[in-house]
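One chain, chain A, links the two complexes that follow: it is found with chain B in the first and with chain C in the second.
Showing the complex of A and B:
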């Protein structure tokens, strides 16, 4: 790089840096800073609280650890099982069985429908009075298994999980694109060497598609850390806090005008996100080694 | 070539015409008005009419542009988030019983309209004691009400007849006996809900709460922080019993819409709600033709009715004083006696001002309203709603804990303790 190019590089980088600082860095600093204050609107309060909010969150808040656990469990379910489901389907489709294009498109549809619409569909499916699920159970004589799926302690968490668990269209599309871009010569060579279909998938295709799978795992984790509308529109986080996650908890805390505490929850979300990214990269890096 | 000249000429003409048109409207002040009183909301016809009338009366000077925000909870959330994020609020905000005035006041975002109110004798005369309680703070007038929250319940006369019930119960003992009669006749007695503040349920719980002295006192407490009192625990125990034995399966998890739908389709005999629902009984897109004739209206047992002006419209502080003036004009227009008469006529909204006469024409149009108002006027006990006095954010806890109470996963004592924990940790005063 020549010296006279440096001012130009700085000039061209400036707008991006400025936008990043304004949109991400400044609010991030405000969230972190705000988490050390007792800041409420009703009654109007603004005073330095040190790590008081953190102490309250980790030691006194009766709901926090359940909500934290919910968030982590959903991240794990999404990163492991949801991605596995999408990857599995991609591995089936890349062999181009009859109707594979149709399946690829159909499987993507739930991912392009708005979350509000999906939530309404599930709200009606789970409705204890006229919902499809209870109607089917009644029709086959399993009335004892009928539940108010979204609003009973024992069924709410899995019921909310099912609203997104099966729809791994993005994972399938991305992994399938990666698989389809593989050099067919490599697959052919493996076949000539006598590798079975399963061996080709496991020992050839999977390692070559691993980078894309890692991307989908990261996407899955971030999706779970942002998940809000689907829970809000179905169970609303209840019953109790059974289906509340950290973003929803932040929102309800903000609604109670306890902004300092809401900022503290925001910081926890950021930290959980960073740790999750680190762990995902670590897992894939270790496997590479 | 000719074509090019023609195209260029047309463009120049459009630009000049556009510039002239925009300069003609340059002085017109636009009031962006987000509201939930749109679409299927029962107040929508009245609000649409008032917007049109305002825009006609102030043509060239002020113009209201409605921003549709379906759902009162969504509207309250939107304004709360705007207050929280220190965004400039819309010039006019409707408090609508959502505690938005106090929130906005804490953020120092509300304009004092005392001067404008006092300058208009008709407007000033509206500020009676009950008005001042909801619309004034520290002697200053901040909001102006358009309608009154006068609430009883509606019942299906046909279903009552099938169960051998003559009419609305005078005491709570009679009321619960009637529920048993309905149940014995194979009729689901009550429309209840748990979501979106559990509107129908909280009305029933609050009315039952008002049947004791302690309960009435609690119901009148603004932003209570302790729900561990005998009256509240008894009321929640009664709610638990009602959820488990006297309502529909979809009450748990359902919102007002589910409850209303059950009433409209004749699945349940009783729903608690205000007179604004009356126009829905004749709306054939919601229920069958002739349904309105089957409905009766009543005040609650033990001579109780919810009666308080709904926290009204308020003007928020703006950078542009002209926009603030426009907003004051809008509030004055929308809460005037004439506007309240229009709202009563078009949507059956009970006027907040006692100066608005309920004419024979109105009573002929809404006979059920007359039936209800005659009963309500005879009531000796009055208060505002239970959730209307909750500290901000507690309604979410209320919503999420009700399913546990309904299923028996928590006891009424547990339920009240959870409310107390939250309210005590988040006092509003």
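Showing the complex of A and C:
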């Protein structure tokens, strides 16, 4: 290393480190530290609370476990079924059937436009008066089955889930790119050996695409832990807390200016994220052996 | 692909594939087409049947939508914030990515590990303290607040992409430039940057998409109309257009169409960027 380069190195690292400190490091310390305080504006209080917030969250908060369960269920649905759907389509497309490029581009569109727009579209599609779902039921004479989908106890959770469940464009694009980058010679060789296309998919392509699938599973889990606008703009988390997840709960807690408690929920989100990532890597690791 | 005779099994697989493709297209396009078609219907038509086609195409909905909500202003705000955040993000992370790829100094690995932490923290967990930090800096309800936050949100992916981009540039290039007497800055801007264009483009695409579509932080960090971004403005539409469904659908269409058009033009680049950015875990 050259001595005279040191100022330049510091200068070049400075902006990145400053942004990191401001938006990640300091807030992370505040979340962890703040989770041990009773800090709220109404009524104005600021006092050390030990693990009081955690005790309250885990044992007294009536909503917490339902919200926690919602978050986990959504992570599992997303990591397993949503990714499976996207992967399945990628395995269809990599054989380049007619129109594969068109499908790849079109299927990506819902992932490119903002999630809040998708949320608004679904809010209207689920509308009990003029929405698509109820209109179809009316058209086929099944008015009995009409619901106010997003706002009834029994239908809200699946209705909200469907606003993102089918849009696996990211997964398809990534897995497809991986499949297309494979050496075609391997596939040709397998064909000559008389392998059926399903056998090739399962025994040749899948193992080579597995690392990318693992990546998409992790991205799916991360996405679910960031999920906010899709719920906030559709069901708003209700009825009751039936469609609330941890980020939305953190937001509403924060809005009621109960900052200490919001931070406790933040810590839970971080821990869930770490554990999920660990488990996903574990699952894919043991499969390899 | 050879058109050899297919066994019944192979044929079933192929038919299944086509069905899946058709379903994927319907799932992706129907909601958007429904909104666009509805934007041409009258309020009465919408309420009488959600499925019917518009009787005649009228642009009244668009006229009303633009009168009732300054959509183009939201558009401009979004564009200004996203472009600034993207440019700064790529500049800052090219600088640090270059250092991490090419320079050696004490504590480099520890520093990189610490910065990588940003990859595993779900940012929603940080909502409340980020709000506090931004407010303490006096930046609440400013465009600058969102720019800083968006630079940070795209930081992990950009860092990974750009570090590996600069790592892939041969060391000899830098050596040769130094022999020719190029200083640190000249070397970075005239030798390194031109070689890193591909990676920078990928990082820029992802950073732009992230900023353009972000909702949560925009919601908690801004309040006035002058700082409202396009995704955030959507959340006010229901109230703004109360019971004027034609205008509501027109407004959603206006908000959605540009992204789709731009994506249609740049989809190859976007796809490449997504692959380059898939570095999680």
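The working rule: the second predicted complex is superposed on the first by the 266 of 289 C-alpha atoms of A that agree within 3 Å, B and C clash if a C-alpha of one lies under 4 Å from a C-alpha of the other, contacts with A are read in each partner's own complex, and residues count from 1 in each chain.
Keep in mind that, in the parts below, a residue touches a chain if its C-beta (ideal position, glycine included) is under 8 Å from a C-beta of that chain, and two chains touch if they have at least 3 such contacts.
Bear in mind the structure is a predicted one, so any value in this text is a computation, not a measurement.
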Clash or fit, chain B versus chain C on superposed chain A: clash
First (chain B), second (chain C), both or neither touched by A:153: first
Touching partner for A:281 - first (chain B), second (chain C), both, neither: second
First (chain B), second (chain C), both or neither touched by A:256: first
Touching partner for A:122 - first (chain B), second (chain C), both, neither: second
Partner, of chain C and chain B, that touches more residues belonging to chain A: C
Partner chain(s) touched by A:170 [first = chain B, second = chain C, both, neither]: second
Touched partner set for A:130, first chain B, second chain C, both or neither: both
Which superposed partner A:47 touches (first chain B, second chain C, both, neither): neither
Stretch of chain B, among 80-88, 188-196 or 332-340, that runs into chain C once the two complexes are superposed: 80-88
Footprint overlap on chain A, comparing chain B with chain C: 127, 129-130, 254, 259
Touch list for chain B against partner chain A, complex: 77, 80-81, 83-84, 102-103, 106-107, 194-195, 248-250, 252-253, 391-394, 396, 399-401, 403-404, 406-407, 409-410, 418, 421-422, 426-429
Of chain A, residues touching chain C in the complex: 1, 5-6, 8-9, 12-13, 15-17, 19-20, 22-28, 30-31, 34, 88-89, 92-93, 95-97, 99-100, 102-110, 112-125, 127, 129-132, 134-136, 139, 166-167, 169-170, 172-174, 177-178, 196-198, 212, 214-216, 218-219, 222, 225-226, 228-229, 232-233, 246-247, 250-251, 254, 259, 262-263, 265-267, 269-270, 273-274, 277, 280-281
Chain C to chain A touching residues, read off their complex: 1, 7, 9-10, 13-14, 16-18, 20-21, 24-25, 27-29, 31-32, 34-35, 38, 46-47, 49-51, 88, 91-93, 95-96, 98-99, 103-105, 111, 114-115, 117-118, 120-133, 148-149, 151-153, 155, 159, 184-185, 188, 209, 212-213, 215-216, 219-220, 230-232, 234-235, 237-238, 245, 248-249, 252, 255-256, 259-260, 263-264, 267, 270-271, 274-275, 278-281
Of all residues in chain A, those that touch chain B in their complex: 40-44, 62, 127-130, 148, 150-153, 235-241, 244, 252-259
